[in-house]
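Think of it as A, B and C in the order they're written, each chain with its own count starting at 1.
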Amino acid sequence: MPLSSADFSAIWLTVKLASLTTVILLLIGTPIALWLSRTRSWWRGPIGAIVALPLVLPPTVIGFYLLLTMGPNGYVGQFTQWLGLGTLTFSFAGLVIGSVIYSMPFVVQPLQNAFAAIGTRPLEVAATLRANPWDTFFTVTLPLARPGFITAAILGFAHTVGEFGVVLMIGGNIPDKTRVVSVQIYDHVEAMEYAQAHWLAGAMVVFAFVVLLALYSSRKTRMGWS
Amino acid sequence: MIQVRLHRKYSGFALKVDLHLPGRGVTALYGHSGSGKTTCLRCIAGLERAEDGFIQVNDEVWQDSRIGLFVPPHKRALGYVFQEASLFPHLSVRANLEFGLKRIPRSARRVDMDQATQLLGIGHLLERNPEHLSGGERQRIGIARALLTSPKLLLMDEPLAALDSQRKGEILPYLERLHDELDIPLLYVSHAQDEVARLADHIVLLSDGTALASGPIGETLARLDLPLARGDDAGVVIHGTVSAYDAAYQLLTLQLPDSALHMRVAHAPLALGRALRVKVQARDVSLSLQAQEHSSILNRLPVTVTEEIPADNNAHVLVRLDAGGTPLLARITRYSRDQLQLHTGQALWAQIKAVAVLA
Amino acid sequence: MKIHAPRLAVLVAALAFGSAQADEVQVAVAANFTAPIQAIAADFEKDTGHKLVASYGATGQFYTQIKNGAPFEVFLSADDTTAKKLENEGDTVKGSRFTYAVGTLALWSAKDGYVDAKGEVLKGNQFKHLSIANPKAAPYGLAATQVLARQGLTEQVKDKLVEGQNITQTYQFVSTGNAELGFVALSQIYKDGKVTHGSAWIVPASLHDPIKQDAVILNKGKDNAAAKAFIDYLKGPKAAAVIKSYGYEL
């Protein structure tokens, strides 16, 4: 196989980035989705729109603003420097932050739909059966929303793997830190190394197909509320 | 003693009630849809919060807005049965039943699994999945699940409304058993008078968010000043005592309360001295100036006329009667009234077909 | 979407008419030459009456697009190898290739006084990020690595390098302050004989291979008079003055 060690390290980095991003997104996306699916607050519209922004914005826009805000003159950059962390651009941590923002709607929306589909009735039933809200969340909401969590995790992971524009803008193409597969492919094409570009690009196509196949064939019609 | 004082407002609707209800037996919250009965029940459960309210169930106060007290629903010792059974689809029947039971400390459990499954006849369903059950089975499981939390108050929100009449008939006997065998006060929301007449000891009549009446079922159903009496299915509930049984004809003789009067009812045998409630519909009562000996009608009661009002139908009138202290309603034609020259204080005979008495 | 037949006919006619017009030339321009070409194009259009449509991008990317049928008629490459490659592969009009500019490399910081006139700042090694263009794809990046190698700094700065995919992005990293300094094209920071902002060391041409930027007429522009006119114009004195004013050699 004509893949170099640089290609493999790009693949490993991509998997690491996507996994970490997915875990973080499930952790912070769950409360956001829960809130969005339950609240009647005026803020529901604006917050929902902000979460969905990456769906419509070109990734370069997100990357551009991240480059500015995480840079030494940006608010985030000044805050991280004040914390003694330096700036986050050109770092793996910066990429994780970028990916979390970029893939947010792909995790929040399936979760939000799942929570909304559950409705309030099961929660009321659980309350009348003496379950406190946390108890209800873990024993009723989570199990009932399981298909939503599976969809959210798959989409979050896959979308992060497919990320390019944001990484390009804030990554700096550093091996083992920010050079992910999509950037590596771009590099190969720019350097006219078509054989390697083909192998990596082909692998991405296969990966994306397998993921979507798993998603579409595992989606059950069951789990309705009776 | 259950005390419920609620004031809840939302756009286009206000609920304002101040109820003192018996701390035992079945109390029906009766009214048309939109009368506020479900809102009232949800406020008592804490699923909705009345801005201004005081709720006390026997010795526990669940809400007192004057001192800012609001006990969240999961800390109220209540059982709630929703209109649809609302079983958890991700849990088996057994796990559904155990959901509440597990969360009750052992020392506080007064209903156990065997008792609940037996009472509702669901022992054979325990390992099944809720989605493969009939509506009636699901509702029985919902009731058992609520019972297993050993509630101090059981709330039911039209538990039969989503079922067809056959399934209703299937569940009603279980509800009567609850009433007879468990000492848990039950608040029962319904808009079906036949259910109320069969189950309730006490009735609260709600209309447009206010309570028009609250009182024992027998008296309240017989009140002519309430819209209840004007309905087509109006009638009274009589709490009688079994005094004889004719096995050959399968007829039960029932002594009316605090009186020497008797009624005969087609019914399965019951022990002497047992209490039995029957409903006598107003349209099944006819009036006569003399006792008609030669008739198929078995029940002839000497009564006096206490009150008379026009019915919803212009050709009918409603007459309230007193049968040795027990109120009765009769719906007769205006023509008959004039023929009998009906007036208050008049002594008459009320005739009731034994087959028309609902037991 | 449904396209109505009459509209389709109009569309086809417009496209056919557009391509048949002899006074328009489609030019693919290496990103570092963006500013000069805009000035030159304005003069060219005014002086000749032809119209110039420019696309800006990375040289490697243009190569791939040209090989796959992109409609460019003239290509201003950021290097000489790509133009040569296209020539060898028969994608250009024979004899059209020439060097239109020689790029100058600059070590630049957006901060005033940060980069000294001799580039000693590199040896001082007090920075966190040094931005260069991707050396595999961009000639300025390759030149930057040569400069570092000649100064024996390759190992020392290895972990501080951040790569822009092209010279534009390299400039962006520095201008936003995310990298304290970087090797950019002088043309990006130079106007009318001086550095416009920040501080810079204009790297002597002796420290790296010359960054020759070659232009070619592509096969698609073979019969286009405007393409030929533009190449002639680019070789002329008026264009040369503009090119020099942006810090390029000739």
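Following the convention adopted for this analysis, a residue touches a chain if its C-beta (ideal position, glycine included) is under 8 Å from a C-beta of that chain, and two chains touch if they have at least 3 such contacts.
Predicted model only: the values in this text are computed from it and were never measured.
Student: Which chain's mean C-alpha position is the greatest distance from chain B's?
Tutor: So the farthest one, by centre of C-alpha atoms, is C.
Student: Report the chain closest to the protein's overall CA mean, measuring from each chain's own CA mean.
Tutor: Of the chains present, the most centrally placed is A.
Student: Can you give the whole-Å distance between the Cα centres of chain A and chain B?
Tutor: The separation of the two C-alpha centroids amounts to 56 Å.
Student: So, what's the distance in Å between the C-alpha centres of chain C and chain B?
Tutor: Roughly 88 Å, centre to centre.
Student: Find the geometric centre of each of chain A and chain C from their Cα atoms only, then give the gap between the two centres in Å, rounded to an integer.
Tutor: 35
Student: Name, in rising order, each residue of chain A that touches chain B in their complex.
Tutor: Where chain A meets chain B, its residues are 121-122, 124-133, 135-136, 139-140, 143-144, 146, 223-226.
Student: Help me check something: in the complex, which residues belonging to chain B touch chain A?
Tutor: Residues 45-47, 72-75, 78-80, 82, 85-90, 99-100, 103-104, 130-131, 138, 145-146, 149.
Student: For chain A, which residues are in contact with chain C within the complex?
Tutor: The touching residues are 67-68, 70-73, 86-87, 89-90, 168-170, 172-174, 183, 186-187, 189-192.
Student: Can you list the chain C residues touching chain A in their complex?
Tutor: Going by the criterion above, the answer is residues 58, 60-61, 63-64, 128-129, 131, 134, 136-137, 161-165, 169, 172-173, 176-179.
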